Each structure stands twice: as structure tokens, then as C-alpha cells.
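Here chain A shows up in two complexes: once beside chain B, once beside chain C.
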Partner chain A sequence: MNSASTVRRLVASGTSLGLSTIGLLAFFGVWFLASASGLAPKRVLPSPSDVAVTLYQISVHPFAGYTLEQHLTSSLERFLAGFALAAAAGIPTGLLMGWYAPFRYAISPFFDSLRFVAPLAWVPFAALWFGTGFGGPILIIFSGAFAPCVINSFRGARLVDQHLTEAARTLGAGHLRLMAQVLLPGALPSIVAGLRISAGLAWQSLIGAELIVVSSGVGYLIVQGQGDVAPAVVMAGMAAIGFVGIAIDTILLMIQRGILRTWQGAVQ
Partner chain B sequence: MRAIIPAVSHQPPQRRLISLWPSMQLTIGGGAVLIALAIWFGSSALIDTTRFPTPREVYSAGLQILTTGYAGGTLLMHALHSMKLALLGFFCGIGCGMPLGLIMGYSRKAEALLNPIFFFIKPIPPLAWIPLAIVWFGLGDSAKIFVIWFSAFVPILINTYTGVRSVDQTLLSAARVYGADRRILMREVIIPAALPMIFGGLRISLQASWMALVAAELVGAFYGLGRVLMIAAQDIYPGMIVIAMACVAIAGMAMTKALGLLERVALPWLRPMQ
Partner chain C sequence: MSSIRFEQVTRIFERRGGSYKALEPLSLTIVDQEFIAIVGPSGCGKTTLLRMAAGLDFPTSGRVFVGDKPILGPGPDRAVVFQQFALFPWKTVCENIAFGLRCRRAPKEQRQELVAKFVRLMGLEDHEDSYPHQLSGGMQQRVGIARAYAVEPGVLLMDEPFGALDAQTRAEMQEELIRVRRVQPCTVLFITHSVEEAAYLADRVVVMTGRPGRIREVVDVASIRAAEGWNRSPIEEVMGLESFVRIRSQLWRLLRHNKPISEPPVLPDAGLLGLREAS
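Up next is the complex of A and B:
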């Protein structure tokens, strides 16, 4: 930690900050210039400022029936319902598959073949069985989010140290107690990691579903923007979608960190 | 330590139980599938055919799309068209994402320059690009290739970058001490060490490509499995929906398995020992 190395590190971080700024300025600069110079017409590529203005406008004035907030609210309601359903069904399935071999043998032929059906391929049946309002999109979210929940819970259940379960059994832990106090805590980190993956897939599947079958939500907003050939609306919607995606992932990351901390604290 | 203890403590009866497992797996798995099929066949008379197909309907739908065709082509034409687009977009995405990931992983300066841009692009789910792709390119193949390119681009970039960054520093220093120049370092040390991560990224990219293709074809297409799904949904033809979904699954699985084979060939040192 002498002063020369500190200076060198400061210079290095200064250089990387400078390069980052250059990268960002170049990105937005090229975008802005391409649009402002008329090289790319506004009907094709609106400038960054157009997108920002549009983002404000659609959050104040309704577009495609609702304001941006209302679209986001209906998207998030669907997301939460579908994601909760997938977690509630997927985590027990995965854990049971990990703990009871016969159950795994019975389930895995179905699971392995259905897993390869792309979530959006459920769209026709989702519309046919549950309609296009609330139930249909939820089936599609479910089909995107279910598999990671199952796979990670399964892995978590298998990762529990055999010695721990044997020790607990020797000490006289019953079936329920073994599950609640040894197997479930042991599997928890992997389960939460799976939840993060499935939240990302759920959000993405929901956007896909809203593009095709639903008549509210941010996905519907951008597909209406496409119908009106209003790329500024499409891009503003994309920005909102990306932002909500980051927010969801951040919340789950915080939960994951919290659980890992208490989990490791409990072990020590 | 762990690896040794079970080998010593294995009792003969346990071992016999283990050798019985595969057949037990086959019995239970096969039994469950047979029971499910039996229920499906047995309840044919009870099924509301506007909501779920009977086995007979699935059979006739399969026969129809194989021989006379449906939604503008036979099954083979639709499936080949979809797979061609998915692979084209996939290879474009890999062609951009892998070199960028290598560069960003290798050079801190390139990382500093490109990371902020990537930061803005990464959170947007690939499927959200579909409307913009349609505004820019229309309903033809180029819009789909654009969306698939993007879906494949992000995972392979992240994994390549992570793979390069996690190369053992000692290996790099050792290679440098022995006089390896940048090209040799890349070819002999960095890429082989990062290859397992890269293949992980390829698998995620491939699955994302396939998902994006199905979505893009559902939104609007003239050909392909997504188009078959869409037309079947409009015709309320559950038998054809099942056929199209099965094809989506089989084609996706075939491409994933092909990649797995490639991985086994490319990474001989990671094969489980026989």
C-alpha cells in the first residue's frame, strides 16, 4: 500500500471512468446524430430525447387505453400471480423429486419432455383454456418460470450433505423435523438462486404473452406502438420494461443475500 | 477425502440396490407414462374437443400436416424454415457476442469502454425487441433474425467474458514467463480455459434463440412452426396445436442435444471418466 501503487490505481480507475464516459457519449452521440441529421428518419429511429419526451407523455396521457403506470400495474399483477404460482408448485415438486426417488422417476419423463416446449408455444392453449384476460397470460408465465424452480430445488435437495441427514436421523429426528430443520435449510440457497432465474424468465414470457394475446400491459403498449408505427412509444415501453426487470432482479438479489447471510450465520 | 470414504464403506447389498435402480426408474417412469396415455385414450369420449384433442384428432392432424400440409406448407417445410432462421440468428449472435466477450474479458480498457453501453442494452428482454424489429424490418425473415441475433448475443457475451475473467492468473503468468505472446496466450491458455463457460453460454443462447423464434413467429410470420401454432389457434384445432407444440419441443431438444455432442467433442478433458 505505498503511495506509488495508490497513485497508479487512481490513474487506472480514472482512465476506466474516462473510457466509460467516452463509450456512453459515443453510443448516445451516434444515436442522436443519426436521428438529428436525418440519416435515419424519425419514423425509423427517434432520437434519445424524443424517447425521453415520449416516456413522459405516455405516463401522463393514456396510450392504447391506459397510461404507462396502469399498463405496468396490470403487467405486474399478472407477473406476481404467475410467478407465485410457479414457485408454489415448482419448489415442492423439485424438493420431492430430490428426496424421493420413486417420485422423481414418475415425474421426470413428463417434466423432461414439457421443459423443451418454449413458453410462448403455450399461447394457443392458454387462450383456449383460460381466455386472454388474466388466466391465459398466467399459464404462459407459469410455463416459463416453472422449470428453473423445479431444477434448482431439485439440485438443492440433492446437495444437502448426506452426513447431516444421517446425523439428524441418528439423533432421532422424525420425518417432518428432518425436512423442516435439515433438508429445507440445506436446499434454500439453491432454491433462491432458482427463483431469480425464473423471475427473469417469467418477466420475459409475460412480455411475449402480452405481445400476442392480451389487451393491456406494457407488452401490449409496445405492440400498439408498432401498429401505429411510433417507434418512440415502442422504445419508451422497452425502457420501462427493462427498468422493471432490473427492479425485480434487484429485489430478489437482496432477498437472496439476506437469506444467505442468515443461513451462513445459523451454520456458524 | 469424501470420494474415498463411500468406496470403502460400500456394502455388497447396497451395491445390488444401486444396480437395480435403472430398471426401477424405467418401470416407474414407463408406468407413469403408460397410465397417463391410458387415461387420455380412455377418456376420449369425455373430452371437450374444442379445448383438448383426443388421440385420434392428434393422429389425423399429424397425418394432415405431414401429407397435405397446413398453414401454407408441410410440417417438414415449417420446421426446417424455423430451424434455419433460429440457427442463422444464433450464429450471427455468437459471431458478435463471443469476440466481444473475449475482448472485454481480456482488456480492461475495452471493458470500460463497452460495459456502460451493454449495461443499457442487457436488461431489455429479447422478446421486447420484436415490435421494434417489425417497425424496422417488417414481417419477413430479417426481423426474426434480428430478434434472435439479440437473444443469442447477450448470454454468450456474458459467459465468454466471465470465462475469460475467471482464467487462473497463475496460468497466465506462467505462460507469460515462458514467453507466450498475446496470440499464443489467447489460443493456448485463455480460450481453452474459458471454453466450459463459453459452452454454457452457447446452450443458454441456443435456448433463448429458439424461444425468441417461436415468439416472433407467433407475432407475425408467413411460415414456420409459430405460424402453424397461430393458425391452429385461430381455427380452434387442438389436435394441430399439440402437433406444433411437440415439434417445437422436439426441434429444440434436437438442437440442444447436438450442441451437447459438440461440447463432448470439443472438451474431451471434461468427459466423465468411464
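Up next is the complex of A and C:
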């Protein structure tokens, strides 16, 4: 009876939820003990209860000009705008790369090198070109979210059954119709998988952007918390980022499952 | 004039480690309203011929014409029926059939009229709003044929259209094709593995040999069919007729006298190796 087989049995008997709970409890337990025992001083590591209380306080009383809810709202607005823009530009680009080889060859050197440039490297130009209010952060989000949209749409388009594209061509479909009515639906599972990755990167990039260029949002809240030497606020902001991240991913996961169910039923 | 003409057509595929000759210079004319079936072993280039006629592939040398026009790509005068059906899984039966008409920007009324016509003709009345995966293979290929017919092409290119169906459905579809073609005449280039199918459907059967592909013989069936009145009887009776059996045997003999493709190639230095008896 080794522990590995015990773990396997636990997972097999449907206790993965239980294990997750145990993991979370262990994490909070260690954290609590570390701060309660004085091993980690409060100015270095706030206790879980401090963070919880702060989370509540900044939700009710404005911190750095706004309440947590208002900070989150302005972050989410930027996120949605940047993410939507990345999807709207990235999906057609990827499909076109998958469909039309000359376009692929023309764009891929540029694209392949650009996608290694971290979103934060765009901060100076984002501020220079679009300012620090709404446009700047959106460029930064866009630069983080664009590549996975393109790559997954491209892969999806390449995997579409060749007979379908040939059928469409012999029936007289032009490039636009072929992309919209054959490649797009055919690549949908891959595209949605890409959107999930893209959303995660967009949310990460946004917080990075807000640390530097704006005067509202959760990232800004964290910077102000740092300035005020309020580690509990910083950590409350981090917790909020995590929760919203999970919420965004859950929504996209549900959409992805819905699409996969329909799609697999249709395509077998 | 919806004729298809292959003129001294060759096709060489570039592969890793060399090129592969799929077609020897080959000429063939399918006249207007004629039904030509091509039979031959796998790899004899019959599908390559069909793809050239469809404008999905191009000859290495030689030319392919539809009427007097050289084929430069897919066109509204030719429609393809695929072995794998190739229906759009995310579109309903009606949307699939209407696809080609939408591509041609046919006005809504004309589109609805044509879709309804071919839904009726192919017996798809109860499945208009079904999705392809909800239909049996036979029904799916009915949609495939209706979709090709809906654009009213002069030439129908059928690439082993019944190859994925069970024997019973296959016989049913063969009868259907004859019936539909009586209502809606067109030129047909039909690729098949089945000698029976070719003999039953075609006016002329082209027997091809493989590697590289070339025509072995063209067998006229139309005159015998007309003389023996095949089209007046159901398929199972036709297949028992002496005239049918004779044609079928003739086609089989032509195919059998091809070198079987599984036979290993004769080594050029066989004599030196003392393998003369083996070859």
C-alpha cells in the first residue's frame, strides 16, 4: 500500500474535489501558522484574516480613489476591449494564414519574432502612442492576447477536412465565404481553446500594464498599496486578480464545453 | 456544350526522394450528356483525372477542356460528388443544398425553388432541417447529390460516390442516379472500384491500368443497354441478364490482365540473381 496508489484510488473514487479542498486547507493552514507564530512578521506577510478583512474594507471604502469593485470594473472594461480586439484581429489573421500560403509566408517571420516580445515591453510605446488612460493599456493587452488567437485559429484552419474546402470551392465559394462558413466553423474548437489561453494572457498583461500606466484598476490598487506600505492591500488585490481570472476562465471553459459537445455530435 | 476533353494529359507528383508518374499521356473525350465510368486499381490515376476535370488539380503537361474552354479552376459548369460526402456538418440539409446557389448569389426565390426541387427529387422531404450527422450514409449522399445538382451544372463529377455505402443502399442509389438523370440530364464522369456499378450505370466504361496510369480499353455499354432494355427492369434483374453478365466478365478480364499492384516489381538484374523462374 504505497501512497501513490492511495492517491490514485482517491481520485478514481471521485474525490478530486476533496483533494482540492485538502490542498487549499493545507495552503491556508501553513500561511496562517506562519503569520500566527510570528515566523513571518506582518509587514512581510499579512495573515489570511488580515487579507480577508482588507478585502472587505476596500470593497466598502474607497482605496486609491475607488472601491475594489470600481477598480475591478475599470480593469474588466480594459480587459474586454483589448481581448475583443485581439480576437477580432487574431482569428481572421490565423484563418487567412491557414488558408492562403503566400500570406502565411509573408507574415510568419514578423509574427514569430514579435510574439516573443513580452507585453510589458510595449509599455513605453503604448503610453507614447495611445496615452495612459484607455488606449495604452489596451495595446499592451492586445500584444499579449493576439498571438494565441492567431496560432490556434491557424492550426484549426489547417485541420479542417480538405474535402470540405474542396467541396466549397467547387460549389463556387470565394475566399471570404470559405473562411467564414467553412474554416471558421471547422476550426471552432481550436479557436475557442486559443481564446481561453488568450484571455488568461490578456488578464495577466493588463495587471502588468496597470502597474505602470494608469490611475485606476486593480493593478493600480496594488501599486498604491505598495506605496502606502500596506501589504494586506497588495495581497487583497492579488487575491481579487486570481478570483476574477478563475471566473473568466470558467466562463470560457463552459463556452468551450458547449461548443465541443455540439461540434463532436456533428462531426463525430 | 458540356463535354470534357483530356488532351495528352500527364501528371507527375513530386515526392520526397523523387517524382512519381501518376499518368502517362492520356486522351479522352466525354461528350455532352454522356455517362462515362472509369474503373481501375487504386493508384491508376482515375481520381487524378476527376480532380483535373474539377479544377482542383492540374496536368503536368497536356490540357483539359470543358466545352471549348480550358479548365483553370473550379467552375459553375461542373459539380463534384465526393466519396466522403463532404457535407458541411454545421449546416442543415437545406443549407447544404443551398450553399452553391448562395455562392452564385441566386435570388432568394430561385434558391428556395431549386432547393425544394432537389429535396423532392432526392426524397429528402422529411429531413430538410436535419444536420448531416443525423442521417444515414445513404441519405447523406442524397444530400451530396442534391447539393451538386442544385447549381444546375452541365457536368457532374462523381468520385466513388457510393463507395462508402453498404451493398443494399448502394444498389438503391444506383437506381436513384439513373432516375434523377432522366429528369435532369447532364454529362457524368463517374469513378468507381466496382465493375458491376460501372457496367450498370455507364454509357462507356474506361478501364485503366496502374503505375503509371493509362487507358487499357474503352468498352461501349450504351448500345447493349438500349438493345436489351436494361433501363426498364429493376437493378437485381438487370444484373442477372446474360448481356449484363457478359459485359461484366469482359470488364473483369480486362482488369485481371493488369499486373496486380501487389506483385513486387521485377528486378532488372533478376537473371543475374538466378531468379528467372520466379518471374
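Note that in this section the second predicted complex is superposed on the first by the 226 of 268 C-alpha atoms of A that agree within 3 Å, B and C clash if a C-alpha of one lies under 4 Å from a C-alpha of the other, contacts with A are read in each partner's own complex, and residues count from 1 in each chain.
Just so it is clear, a residue touches a chain if its C-beta (ideal position, glycine included) is under 8 Å from a C-beta of that chain, and two chains touch if they have at least 3 such contacts.
Quick caveat, the model's predicted, so the values are computed rather than measured.
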Contacts of A:185 with chain B and chain C, given as first, second, both or neither: second
Chain B versus chain C as contact partner of A:231, first or second or both or neither: first
Which superposed partner A:177 touches (first chain B, second chain C, both, neither): second
Chain B versus chain C as contact partner of A:42, first or second or both or neither: neither
Dominant toucher of chain A (residue count), chain B or chain C: B
Chain B versus chain C as contact partner of A:124, first or second or both or neither: first
Which of chain B and chain C A:167 touches, first, second, both or neither: second
Touching residues on chain A, where the partner in the complex is chain B: 12, 15-17, 19-20, 22-24, 27, 44, 101-102, 105-110, 113-114, 116-125, 127-129, 200, 203-205, 207-208, 211-212, 219, 222-223, 225-226, 229, 231, 234-235, 237-239, 241-243, 245-246
Residues of chain A defined as touching chain C within the complex: 161, 163-164, 166-174, 177, 181-182, 185, 263, 265-268
Touching residues on chain B, where the partner in the complex is chain A: 21, 24-25, 27-33, 36, 50-51, 108-109, 111-117, 120, 123-132, 134-136, 210-211, 214-215, 218-219, 226, 229-230, 232-233, 236, 238, 241, 244-245, 248-250, 252-253, 256
List of chain C residues in touch with chain A within their complex: 54-56, 73-76, 78-80, 82, 84, 86-91, 99-100, 102-104, 131-133, 147, 151, 157
